[in-house]
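Listed below are the structures to be examined.
Next come two complexes, and both contain chain A; in the first it sits with chain B, in the second with chain C.
Now for the complex of A and B:
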């Protein structure tokens, strides 16, 4: 209940901002609601939600143990990079082999990228918020180097993008729609991670470590091993999201392949209260917000940053409302 | 412009942001919203300067905006006892989003900038003259501020109060200190400083408005407060070190190294941050220095 109220309030609080730039907020809201009212809008939202779904599910794990992985964006970029690398290394492989190897590569490279801050935190107590954050910039710049340099499409008019992927490197669409198979991957991961968190020994260790590292130590939990496994999976899922982006939607690697999906994923995971199953509807909602962001840009002339503002406002209200889940408000008459 | 002169200029936003964040964290509140506040400070200063022509007004406006944004974080963290990491992140995302949203019409424009002036006799000194004594007022003020804030934090009663609130708020409370008020003041001060740092970026450092002006500097500020071991004097060291990295990166690009592929040079500040953090962590694992004990823990009387 609380998350829903926060969502609505966050949404509404954007109204004065629209007014400030001379846009009628009612128009803006109509735009957003309109997306969910049409089949086209819904399928587009679903498609956009796939990378969000994967990355957010991945974030539930480290957040649950109070490991603040702010690096999902960078891990996503590394996954996209690795998947693209597979395409260029083995362009003539059969589809299943190529796609499979892209998935594995995306997962592994994203996971490795997440492993670095995990190790630094577990071994040296290095603040993970900062290390994951800094690695984002490094990953983004790495991809930039590739798409402006060695991987740039010679026929691309000097734009920072790679050549288009051949058909065997593209994720198949669900028949009749533009939604790619990554959705199945994402839903499967949501279920898997949920089971992992709720029913396995690791899930238990996660929870304990999140509550108290000291208690975890006394319970014999190996913090180093746990952190590294969790971050490998988390980074890996973000990497998969990146792979899904390049092989399911964009069909190439380019500058700015992700407009902040990794950061949106943080908000989604938090909004879903770190429950991988709840992440599914929330990411569809955010997918819709992204589509709305496009519409804002095209129809209302607003900056793409608009949907970022929406997301931040929603998060602020959710964060503030958290207190109501921990304390109960009682009114007394004197 | 010489490398060293560029260094101190590049370091000033870091210095301003860091000394503010030091106060916030010393009082026990982790403010991850610096990036957003810096971005909004930069935009506000730029727009104010653009529309009013007054640089002084622009600086003031930027500080107010930083203060307002940090007040949201303060309210959520201190009064609503929310998770400070997520709250700060939300403010950063909001600030970045807002600066992109509101700054769209400003892209590519220029506005009146901070003037430089030379200190009469000192500016003529052989090497350090032009570097240190031909800069703008805000740069001088930042250095002075760092020293003054160090003094206040460690040598005065208010500073001691702030520190104790961050180390052991329950004890401070029992001694009659208003934990909430002190935290609010420190966080708001930090916010104003972040806004000011942003103003420096757009009024001096970059000649025109571009999107993404802060480029992660706000996050680096947070790393720098750790690197400075929460000490405003050591913040000087960290800030100018990073200023040097930026200046170096600029200079190398200018002489053609990495002209085709500037990305690796651009990675320098971020990689340096990680290295600095690793170094300081290794150091503190051995020596157990400095973190305010109650950092990021909401204080509730009676809990």
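Now for the complex of A and C:
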């Protein structure tokens, strides 16, 4: 209930923003609602939601144990890089083999990227907010190096992008839309992670570790191992998101392959209260917001930053409203 | 902060008809309470009687659902602890509200309006040392809280209240973390307060203390007033039965039993403390089957570090620990649990029973890996639930539901939960640190009888307690710790209280 209300309030709070740039807020809201009213709008929202879905599901795990993984963006980039690497290495493999190896590579490399801050935290007590955040830049710049340099498309007019992927490196999609097989991956992962968290031994260990590290020790939990497993999976899922982007939508690796999906995933995971099943509708909503952002630019002449501000306002309201989920307000008269 | 020394025996605080409800329980049901100036007022009752809740209402932590509060004759509404402090009320809670990574000095100054930006260290420091000297509450202002023993932390809490000029001091279970000499000190301090015209309310279960120190005693039971008794009319048996609602027995029967083969062997153990110095020095100890060994000693002499080391929570620098002949010195805790080591740590809330988990979840905290609670990957929720139901009933743990979060349990019930869990695994060795601390008469009786039952059934127990009477009545053998070493071991039948006192103070060794 509270997340819904805070969502609505976040929406409404953007009205002054629109007014400030000379746009009628009603028109803006109409655009947003319009997205969900048309088939095109819905399918496009679903498409955009896929990387968000994967990354957000991944974030539910570390957040539950109070490990603040702010590095989903970098993990996504590493996954995209690894998947692209597979295409360069085995361009003539049969589709299933190639796609399979791309998924594995994407997961593994994203997972390894997440393992680094986990190891540093568990062994040296380094603050994971800093390490995960910094590693984002390393990954993004690494991809930049590749797409500006050795992997650049010679026929690409000097733009920072790789050559287009051959057909055997592209994920199958639903005809008439851009929705690709990554959606199935995402939904499957949401269910798997949910079951993992709610019913498995490790889900229990997650909860205990989130309470206190000493309590986890007392319970006999191997905190180091748990942190590393969780971050490997979290990074891996973000890496899969990256793989989905390059082989499902863009069909190449390029500069800025992700416009901040890894960061939006943080908001989505919070809004979904770290429940992987709730992440599904929330990411579709955010996918819709991204499409709306496009519409804002094209039809209303607003900057791309607008939809980002939208998302930020929502996060603000959701986090601020969190206190109402734990305390009830009663009005009394003196 | 100055205050006007009120007329002796003027009524300072009046609470009328206080009602406070929580989901599922009425903690205070039209409770009255009165406090006069210069009075030492004991608030007595079992766990869950509503004493702490009542004082939390006075201190502004809770808003009452009904009733009125008058301070110095004026009706007030205490909306927050800050307002309570401004009214001259200070409270030292059962669970200390100190910031562990910070120093004593920083904790005392926390939350005050001055100093504003620049920390006027000199003035504040001199004021603190003045209060510290005046009331004989010695503590090192530069020490960090996590390095201090519970007794020292309590002194910090008291200093905090006095620094803010408290004229009404509420102490919640103050002696539960103190040893006999420290307790004497505390009551000397309380008397000093009262002589100055300040008032002290202390919440306790300990009948002897309440009888010795109070001018008046108010007894609560199940959220209601039972009676308020003057000093002259205090009678131990009567108080106990008022508290509990039935006749209470004070004697414990211990079965004479032959101890068996050694279960726990500790050889030349050295364990480092938090301040970088050895807390346990070359300590050797053994506990046999069907034997309860009680560790006596003033808190801060290595008992905590010893129990933590044996339980696996603290690294052992040198020496060996063997369980049933098998070495477990550096084995991980999960392995120790599997081998049958049960551990009831000093810190219940943070370590032994995470507050955000449900009661059912906490009841399998150390055993969730075993069958039937899990089968490899998944947890068997049904088994966990039925285990919870069984233990709640067997140990009479007062909960609203097994799915209620552990933080809704009162201190005593939380301890019951921990005991229930640790005992239910049928452990070979049980390590209990201060097991009856903060528990009322009924629960204490119950816990002690459980420990003895465990011993009768063949368990080996290591019990650390600050209550000498408890050690004397429970132990088969007693070991006294001082300065990280055992300075005397002897069968309980040969115990001499004076000698023990000397050993605890470091003046005697009995090899």
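In this text, the second predicted complex is superposed on the first by the 330 of 334 C-alpha atoms of A that agree within 3 Å, B and C clash if a C-alpha of one lies under 4 Å from a C-alpha of the other, contacts with A are read in each partner's own complex, and residues count from 1 in each chain.
The definition used in the following text is that a contact is a pair of C-beta atoms (placed from the backbone, for glycine too) under 8 Å apart; a residue touches a chain by one contact, two chains touch by 3 or more.
Just so it is clear, the model here is predicted, and its values are computed rather than measured.
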item: First, second, both or neither for A:178, with chain B first and chain C second; value: neither
item: Chain B versus chain C as contact partner of A:201, first or second or both or neither; value: second
item: Contacts of A:225 with chain B and chain C, given as first, second, both or neither; value: neither
item: Partner chain(s) touched by A:217 [first = chain B, second = chain C, both, neither]; value: second
item: Chain B versus chain C as contact partner of A:299, first or second or both or neither; value: neither
item: Residues of chain A touched, compared between chain B and chain C (which is higher); value: B
item: Touching partner for A:20 - first (chain B), second (chain C), both, neither; value: first
item: Parts of chain A lying in touch with chain B, wherever the complex brings them together; value: 17, 20-21, 68, 70, 120, 124-127, 129-131, 133-135, 137-138, 141-142, 144-145, 148-149, 263, 266-267, 270, 302-306, 308-309, 311-313, 315-316, 319-320, 322-323, 326
item: Residue numbers on chain A that touch chain C, as the complex places them; value: 199-201, 203-204, 207-208, 210-212, 214-215, 217-222, 334
item: For the chain B and chain A complex, residues of the former touching the latter; value: 32, 72, 75-76, 80-83, 85-87, 89-91, 93-94, 96-104, 216, 219, 222-223, 226, 260-261, 263-264, 266-267, 270-271, 273-274, 277-278, 281-282, 284-285
item: Touch list for chain C against partner chain A, complex; value: 77, 313, 332-337, 343, 345, 347, 350-352, 354-357, 361, 365-366, 368-369, 374, 376-379, 381
